[in-house]
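What follows is a pair of complexes built around chain A, which joins chain B in one and chain C in the other.
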Partner chain A sequence: MEFFLQQIMTGLSIGSILLLIALGLAIIYGSMGVINMAHGEFVMLGAYGAWAMNAFFGVGLLPSLIVVFLGVGALGWLVERGVIRFLYRRTLDTILATWGLGVMLQQMIRLSAGGELRYVEMPSVLTGTVGILGVDVPGYRVFIFVFVAALFAVTWYLMFRTTFGTKLRAVVQDRSVASCFGIDADKVYSLTFAYGAGLAGLAGALVAPLKSVSPEMGTTYVVDAFFVVVLGGVQSLFGTVASALMLGELTGGLAYLWNDTIAKALVLLAIIVLIRFRPQGLFVSRIRS
Partner chain B sequence: MKRRDFLIGAAATGAFTAAPHIWRKDTSLARASNGEIKVGVLFSLTGTTGIIEESLNKATLLAIEEINDAGGINGMKIVPVVEDPASDPATFAVKARKLVVGDKCVSVFGSYTSASRKAVLPVFEKRDNLYWYPTLYEGRECSKNVIYTGAVPNQQQDEFIPWLVEKFGKKFYLIGSNYIYPKEENNYCKKLLEELGAEVVNEEYVPLGHSEFSSVINKIQSTQPNVIFSTVVGDSVVALHRQYRAAGLDPDKMPMASLTTSENEVAAMGGDAAAGHFTSAPYFMVHQSPENERFVEAYKSRWGGDKVTHFVSEPSYFQIYLFKQAVEQLAASDIDPTTIREAVKGQELIAPQGKVHLEAENLHTWLWPKIAMAKSDGQFEVLRDSKEWLKPEPYAAYPNQHCTADGLVQS
Partner chain C sequence: MSNAFTTFLNNRTAVQITVYAIVCGAIFLFPLVLDNDFLLNRYARYLVLGMAAMALSLSWGYAGILNLGQALSFGIGSYCMAMALKLRTVPVHTGEGGLPDFMVWNNVETLPWFWQPFHSMPFALLAGIVVPVFLAVILGWFMFRGRVTGVYVAIITLATLVVGNLLIIDQQRFTGGFNGITDLAQLELFGIEFDAYSKSTYYLVAVCMTVCLFLALAVTKSKAGMILQAVRDHEDRVRFFGYDVAWYKVLAFSVSAGIAGVAGMLYTVVMEFASPTFLGVPLSLSIVIWCAVGGRQSLLGALLGAILVAGMEGTLSESETFLDTWTLIMGAAFVLVVLFLPNGLAGLFEMLRRRLAAQPAEKPTEGATDAAVLADKGAAERS
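Here is the complex of A and B:
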């Protein structure tokens, strides 16, 4: 029983990290329909932000989260204003442009911060383990879980309970009609993109203490993020949560039974089969067409 | 005369007259001309392994500069031709061909990964040139065209595994990255463990670049091994150590024992995450010897005070001196890759790690294994120095195969 619980916890932890990485993409891809290949690089920039705050200013991880969120968010805003807004409804061009942007960001970091692997120190209050139902779980992983849950709640509130969210959903449904009602669609889009990028930055800063920080780290994360969002159903926030936790439990369980190599292959296979029979993903948000 | 015979005859005559230099020895084509000896330096300066290979490039150039400043080899200067193969095996092969055929280098020093060594091997075997490989590797290779100055499995494990069993116990958990090196090291490890009556509780491999170790750590917690024998490489090793520490595991009771964690990896993961874990290798930066003090000092003053030396940069450095000793035996007109290979056999010198010897049989090097524990300041503490140097056995895990001067022999 204890072993079973431990496995559930591991899956939840993996899932919460996946959700953390995917949440920003769910906003940008799900709401705005922009395929942002530079998402992984936003994650990477967040990790480097946390590293730099610590290495140059001696600021711990938790306070630097605010700086990272605002910094990467601002960069996202610039990217939307400077590149993305010229490419709405041109999906292929967006992929190419954001991919090129990702390569540039990678090389910029490599040239400025160097290509060495870096690490970010864990906040000392979170280094111990926490007993949950008789199972020892790393405190930091619990923290990530709680943080992601909170972040999700905030995002959901923003999307469905604020005027901004209503405007965004209006613009997503029909841009020209929304504009006729006096909504500044440009502003809504650029702020949404900035918010999504900021979330990606937060994700990078938060995973940095558990993983290594390098200019190429974003490449694996962007793949994971797309899996989660596509599997969950592109426009459904709850779908993203469900698919992140499902993939987390599945990966954790299979990796326990066999090993991580097989787990990775089987999870990919499962996603392909699912998408084959349910191309719209697990959850579909109902939109009147 | 039949038409076909005529064509063959004409082609043969043409070959003789057009390319006479392949039939007779021409001194103007000697490899060492104008008092210069050209060598290739083939370490990646960009790409995924660029950072670590850059340190090998630096150690190589340092040794070449030292030798040239001290008057060269018999008065001849070593001229390094530096190429950047960009961490890509195919580019390694292209650059190697350029160095061997285009630049007519008498030797090339290079490679960190086994994949890149395997990629250049055909170039050196076809042209009968010489490749000097400084990295510890998985063994199981027997080429007449490679000088191996890094450790093979028996040189890292023969002392290490019995020491671990004695100190911590008989339950081993083998974890590695999913490619050839960890599998071969584990093959040999399992052989040693079986001889010692020890037990492997699990053996598993994670994909290269893998960074989520919670399932692995679960398995470690449920199997409760005495030692985690890790051959995880690259950024995965950082994630593994940091997650091990976050999970509250204790290196005093269940240490990780590694063959690949050097000063570089410790710097990448942070001293706190590395402290208390063990590494076996022939060289550590803190090793106490006058030769090593000189090496570390020279390296820092040439490349910067914050730079570290490690167990791959040290062989990169001393193998240039082995090259020098071999070439010193030869007359200037005789210098070519095959004569250098014959001359280097049995050469000895005092390297930073201790006195090394190039084994004539298999062109690998006799080395001095050491066992060290990582400390939180990012350096190692050497706990055990081998009392004697260890013979290289590239086929140690395969008792019926032996690497000899005539090639691989099955028995």
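Here is the complex of A and C:
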């Protein structure tokens, strides 16, 4: 029983990190249809932001989260204004343009911060373990789980309970009609993109203590995050949560049965089959086109 | 400008065939100008990468299938060739019966069954084409029967590529894992030995490239090619006409995979090893980028785009001044091309051709020719 719980905890931990990274992507892809290959680089920038705040200003991880969120968000805003907004009519091309941007961001970091691995320290309050149902779980993982839950709640509130969210959903449904009603679609889209990018930055700062920080770290994340978003269903925030946790549990479980690589390959195969039969995602009952 | 020239310019196919032939001819004559085996090897490499991009243009530009997993076919072809060449190495550190060295290190006792047939070179050459095609037919059938389109095709092909890459790295005992298959023999066909650093290999690549290029051109000019372009532009309309859209897409997808497989085989010959990076996500995305820069809707454009970009990468990354900044320059160039040249460099050429063809003829011509020119021009504008 304890072993079983341990497995579930591992899965939840993987799933919460997946969700953390996928949440920003879900908003950008789900509402704007933009396939942001630079998302992984936003994550990477967040991790470097946390590292730089610590190395140069001696600021701990938790206070630097705010700076990282605002900084990466501002960069996202610039990217949207400078590149993405010209590509809303041909969204598949956003793959190419954002990939080019990602390559540039990687190289800029390599030139300024160096290509070697960096390490970010965990906040000392969170280094201990917490006993949950008789299972010892690292405190930092619990913190991530709680933080992601809170972040999700905020995002959900923003999307469904604020004027901004209403405007965004109106623009997503019909841009021209929304514009006729006086909604500044450009502004709504650029702010949405900035918010998604900011979330990616937060994700990077939060995973930094768990993994080493390198200019290439984003590439693996963006692919995984895409699978989460597509599997959950575009435009469905709850779908994203469910699919992140499902993929987390599946990866954790299969990795125990075989090994990490085979687990990953099997999960990907499952995703391929699921997309084929439910391209609209697992958790979307109806879709507007 | 003479009238005949204008008429010629108005015939898109004629222009295409002429330009394609001129480029291929230039590629064949190139070694006469450049007598440097090291550089020839490098250009042969660019040509091979160009083939992979050209194959992608067939499925992406002509059929609208954005295949982010093009490197899977490429890598499989490359491994097929490497397996055959590995079994031909002079046994120095190999096990009994020419067991490859990395298998000995991984305590593999006998040659696994799927390595056995690679003792035969014809089998390996065939496998390098048939295996990618077979996989493409299965995957294509699986996707297109289910009417999976657009970004979902991109995600499925990307996922397939990652699975292939993971498996190759994981099965180290049989594939050499991260290191790939190194220390290969030289390819020998019809009594000619293809040293990677020699004119013979360059010509081998050039011949294969030319054949594949014109084969792909023939596909696009065939009826199936026309239907594919119609599918790209408006899939539902073609379906309503009663065409089986899925099979046409499978056709484009698998021909593209076959050409990529050939390119992969050549890549092993040119590079003298096979590595999991040959079916990695970065290479696969690079192929897409080359195709986009050159012009996704032009086979030759994609080919030249790959040669140009890969060549620039090679030159810039070696020069002192751009050592650190070349990735920045390339990244910025991609973004600009995507923003301002959606049809790539080939789009520029096409604009130029139309501009020239649209110029009024200097001398008044007979009514009949004029009408023909007008009709032709109309056709060109619609296309």
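The criterion applied here is as follows: the second predicted complex is superposed on the first by the 284 of 289 C-alpha atoms of A that agree within 3 Å, B and C clash if a C-alpha of one lies under 4 Å from a C-alpha of the other, contacts with A are read in each partner's own complex, and residues count from 1 in each chain.
Operating definition for what follows: a residue touches a chain if its C-beta (ideal position, glycine included) is under 8 Å from a C-beta of that chain, and two chains touch if they have at least 3 such contacts.
Please read all numbers here as calculations on a predicted model, not as lab measurements.
Engineer: Return first, second, both or neither, reflecting whether A:138 touches chain B, chain C, both chains, or no partner chain.
Structural biologist: first
Engineer: A:261 in the overlay: touching chain B, chain C, both, or neither? Say first, second, both or neither.
Structural biologist: So A:261 meets both chain B and chain C here.
Engineer: Contacts for A:127 in the overlay, against chain B (first) and chain C (second): which applies, first, second, both or neither?
Structural biologist: first
Engineer: Using the touch definition from the top, say if A:271 reaches chain B (first), chain C (second), both or neither.
Structural biologist: second
Engineer: In the superposed arrangement, does A:179 touch chain B (first), chain C (second), both or neither?
Structural biologist: In the superposed model, A:179 contacts neither chain B nor chain C.
Engineer: A:107 in the overlay: touching chain B, chain C, both, or neither? Say first, second, both or neither.
Structural biologist: In the superposed model, A:107 contacts chain C only, not chain B.
Engineer: Examine A:166 and indicate which partner it touches, taking first as chain B and second as chain C; both and neither are also allowed.
Structural biologist: The answer is neither, since A:166 touches no partner chain.
Engineer: For A:17 in the superposed arrangement: first (chain B), second (chain C), both or neither?
Structural biologist: Once the two structures are laid over each other on A, A:17 reaches chain B alone.
Engineer: Considering each complex separately, which residues of chain A are in contact with chain B in the first and with chain C in the second?
Structural biologist: Residues common to the chain A contacts of chain C and of chain B are 259, 261, 264, listed in rising order.
Engineer: What part of chain A is in contact with chain C in the complex they form?
Structural biologist: My answer: residues 35, 37, 83, 86-87, 90-93, 95-97, 99-104, 106-108, 111, 219, 223, 226-227, 230, 259, 261-262, 264-265, 268-269, 271-272, 275-277, 279.
Engineer: Quick one: which bits of chain A touch chain B in the complex? Just the residue numbers, please.
Structural biologist: Checking each residue of chain A against chain B gives 3, 6-7, 10, 13-14, 17, 114-119, 121-122, 127-129, 136, 138-141, 209-212, 214, 216-217, 220, 251-252, 255-256, 259-261, 263-264.
Engineer: Mind pulling up the chain C residues that touch chain A in the complex?
Structural biologist: 66, 142-143, 146, 148, 150-152, 154-156, 158-160, 162-163, 166-167, 169-170, 281-282, 285, 288-289, 292, 324-325, 327-328, 330-335, 338-339, 342
Engineer: Where on chain B is chain A touching in the complex?
Structural biologist: Spelled out, the residues of chain B in touch with chain A are 48, 50-51, 178, 204-207, 209-212, 214-216, 218-219, 221-222, 235-236, 238-239, 242-243, 245-248, 267-270, 272-273.
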